[in-house]
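We call the chains A, B and C, going by the order they appear; numbering starts again at 1 in every chain.
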Amino acid sequence: MSLLDTKPEHIEGWNRPPVIEPDGEGELLEVAMGPHHPSTHGVFRMDVALDGERVVRLKPVFGYLHRNHEKIAEGTTYLASMPYTDRLDYFCSLSNNWAYALAVEKLVGQEVPERAQYIRVILAELTRIQNHASTIGFLLQEMGASGTPLMYAFREREKILDLFESLTGSRMMCNYMRFGGCRVDVSGPWLAATRKVVAGLPAFVDEFEALLSSNEILMARCQGVGVLKPALAVNASISGPMLRASGVNYDIRKVDHYGIYDRFKFRVPLGDHGDIYDRYMVRVLEMRESIGILNQALKEIPGGPIMDPKAKLRGFRPKAGEAYGRIEAPKGELGFYLISDGSPNPYRYRVRPPSLINLTVLEDMCLGQNVADVVLIFGSVDIVLGEVDR
Amino acid sequence: MRTVEEIKAAIEAAVPDAGVTLVMNPSPAAQHSLLLQPEKAVAVATFLRDSPELAFDYLSNVTGVDWLDKEIAEKVKVTKSVTKTVDGVEQTVDETVEETQKRVEPGYLEAVYHLYSVALKDGPLVIRMRTANRTDKIEMPSLTPVWRGAEFQEREVFDLYGIVFAGHPDLRRILMWDGFKDHPMRKDYVEPDDFEYEPTAHDEVLKRAQERQASRD
Amino acid sequence: MLGEGIIKGMLETAKNFAGSFVSADRLTTVEYPEQRIPTAENARVFPFLVYDGAGWEAGLRCVACQICEKECPPKCIYIEKSKDKKPDFVGKMQIYPVRFDIDISVCMSCQICVEVCPFEAIKMDTQFELATDDRFGGLLMDRQQLAKSNEYYHSIHPAEAAEVDARLAQEKTAAEAKAKAAAEAAAAKAAADAAKAAAAKPETPAAGGN
């Protein structure tokens, strides 16, 4: 069925995208952007109906990378799903590990030792910094700044990935957290290396900002484009930097206080206009706040065990029940919903993917914009297809 | 945070005949949930979103769960008339005997919604809806008109579990392709026999692959 | 002034360009394969089987308990148990794997097999240049291809290997002490029995004894 044949409907009171009437001159054109478009971050398609340059309808098409991660996880043990979570949002495997570990810990009422909590915070914030830096790099890449900002971001990311590799053994597929703690302990030299990298990060963010923040081309392309209103953002379950760029003060680290986030002082950056530029700026400011959290955590990290001695590695069978655990992942709210029936495999295992749900409003943001801006708006959402399609 | 019982009472006060049931969660997470009647679900959901004291304006997660038909064997006490010879006289006596009876509890599909409140920084509240069975009565109302965030997630539940959300603006498959039959997340889903040869030279995959290869030759 | 931001950005780029000639920090690329970065000590690629001593077949630590096979998430390990037994490192008779295959085209380097193995028999390798043009056979590693010596393990993960050796040595002494104690106890018992027999005094067993 062609997109042009579908009848757009706008129902009063519903948060549906507005109907844009074509101006009647010329024909409407239907374009399939993707699945092999360089701007789609993977295999993803947007069916766009254009009136001249203006977008009148847009439908995202998913599923090219679908592997039914949830079904696989329901057929295997709780522990065996941990390495699979790395592959959801492969930029942020450590946050995914944490979200899954958190949900299982809720399900069985497992405590996590102090030192492990600090390690988790350090790794999660490092992950956030490298994710935001690369996201901004990709956004600029899509704007046509081919190479430079992305390579600067990757240069910094490389240092962080080296830290991950020397601790967990792998750069991206870390598979590091366990139910009730972490797999290996951080060593003194590792902490020293981390402190050194973190000390260099403010200079990098300054450099990045000097390169970009006041660039007139960036401002012209981003300001006032792809606006998302706060009411719609909340109603459409948008999360993460995108929600905060619309001015909604909602950061799960502050709301749920999961882990030990209530011990750290940090601010939640908020946007004003909800446009692409605000999303860019919120990410830059979040990097700065993350550096602050890292400095506090690296200073205070206590000694002690990294694994609860009562935690079981083999023969792990939670009692029947269910739990939903969520964290503030770099891309938004990442949640895991688990139902146990007392067997070694979860009865139901669900991932709440922030990347997929943040795309709900893609059409709303793109309608009436030029087709060239669709690429930018899409880039500012920050998705990873491994998580969208699961 | 209000307890689930208080929320239930508030719903019952606001929506007449809401018919909300409390479903307890025995795990240490203790996230108890409310089971809604499909007929009243939209009214209850709108109340949950709009009531200023509750203000569950943020729908975090929507998912399906498949509960298969369960065969329950239970011991029942049955009273039977038995003819017996007592003291040489034949009598009919009522006697209670224990018997194992099998009963099939019909399975159902369930949709689970996790709500939070951005305004009050509150949550989670878990609400559920159930279909009557797993085959033909699989409709329930869509909550997308209340929370737009359910749009893609309900499509996913429809795609992978086959729950039909009445009133969803765009209920199509989302992850599987359009011509696909069946719903892969159901517990009784049978994988199609169209695997490729895998180099894993040891499990039954190899045997099946060789058989298929032989039938092709 | 319009264009000020662009000029500021250009300056930053120029600084990095010029800096790449003088500071190693700004020049981050290496020309693989001529230049190489040393791998991190914790790095992991694919699993291998550790053996002690000179002969790989005799020295394999694996006792074919199949725990790793069961726990491996993508199920890429295949083990066949032996019918006979051979002595393990403490001298106890154990079964061994007659077949131990890992399909590294399926393996996802998660190292769960290493974590669950109770016998320190399987460890992670750091060798990553494994490309082959044989898609099916070339990536299916058998027992012999997987076997690597303990010395090799020491050379790639020195700290971890030393820890493992210490643990195994401790286990061995404990096992030896136990064996010795058991032997002594047996000898003592035999002596006592002999003494009893020598006394040749018929005894009725105590009531209630089981």
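Note that contacts are C-beta pairs under 8 Å (C-beta built on N, C-alpha and C of every residue); 3 or more make two chains touch, one makes a residue touch a chain.
None of the values given here were measured: they were computed from a predicted structure.
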| item | value |
| --- | --- |
| Pair exhibiting more inter-chain C-beta contacts, A-B or A-C | A-B |
| Chain whose Cα mean lies nearest the overall Cα mean | A |
| Rounded Å distance, chain B centre to chain C centre (Cα mean) | 44 |
| Interchain centroid distance [CA atoms averaged], chain A/chain B, Å | 29 |
| Interchain centroid distance [CA atoms averaged], chain A/chain C, Å | 35 |
| Residues of chain B touching at least two other chains | none |
| Chain A - residues contacting chain C, complex | 76-77, 79-84, 148, 152, 155, 158, 162, 165-170, 173, 175, 183-184, 207, 210-219, 313-314 |
| Residues of chain A touching chain B in the complex | 9, 11, 13-16, 62-63, 66, 68, 70-71, 106-109, 232, 234-238, 248, 250, 255, 318-326, 333, 335, 337, 339-340, 347-348, 350, 352, 356-357, 359-361, 389-390 |
| Chain C - residues contacting chain A, complex | 2-6, 8-9, 11-13, 16, 26, 28, 40-44, 67, 71-73, 108-112, 115-116, 124 |
| Residues of chain B that touch chain A when the two form their complex | 25-29, 31, 57-61, 63, 65, 112, 114, 118, 121, 124, 126, 144-145, 147-153, 156, 160, 169, 173-177, 184-185, 189 |
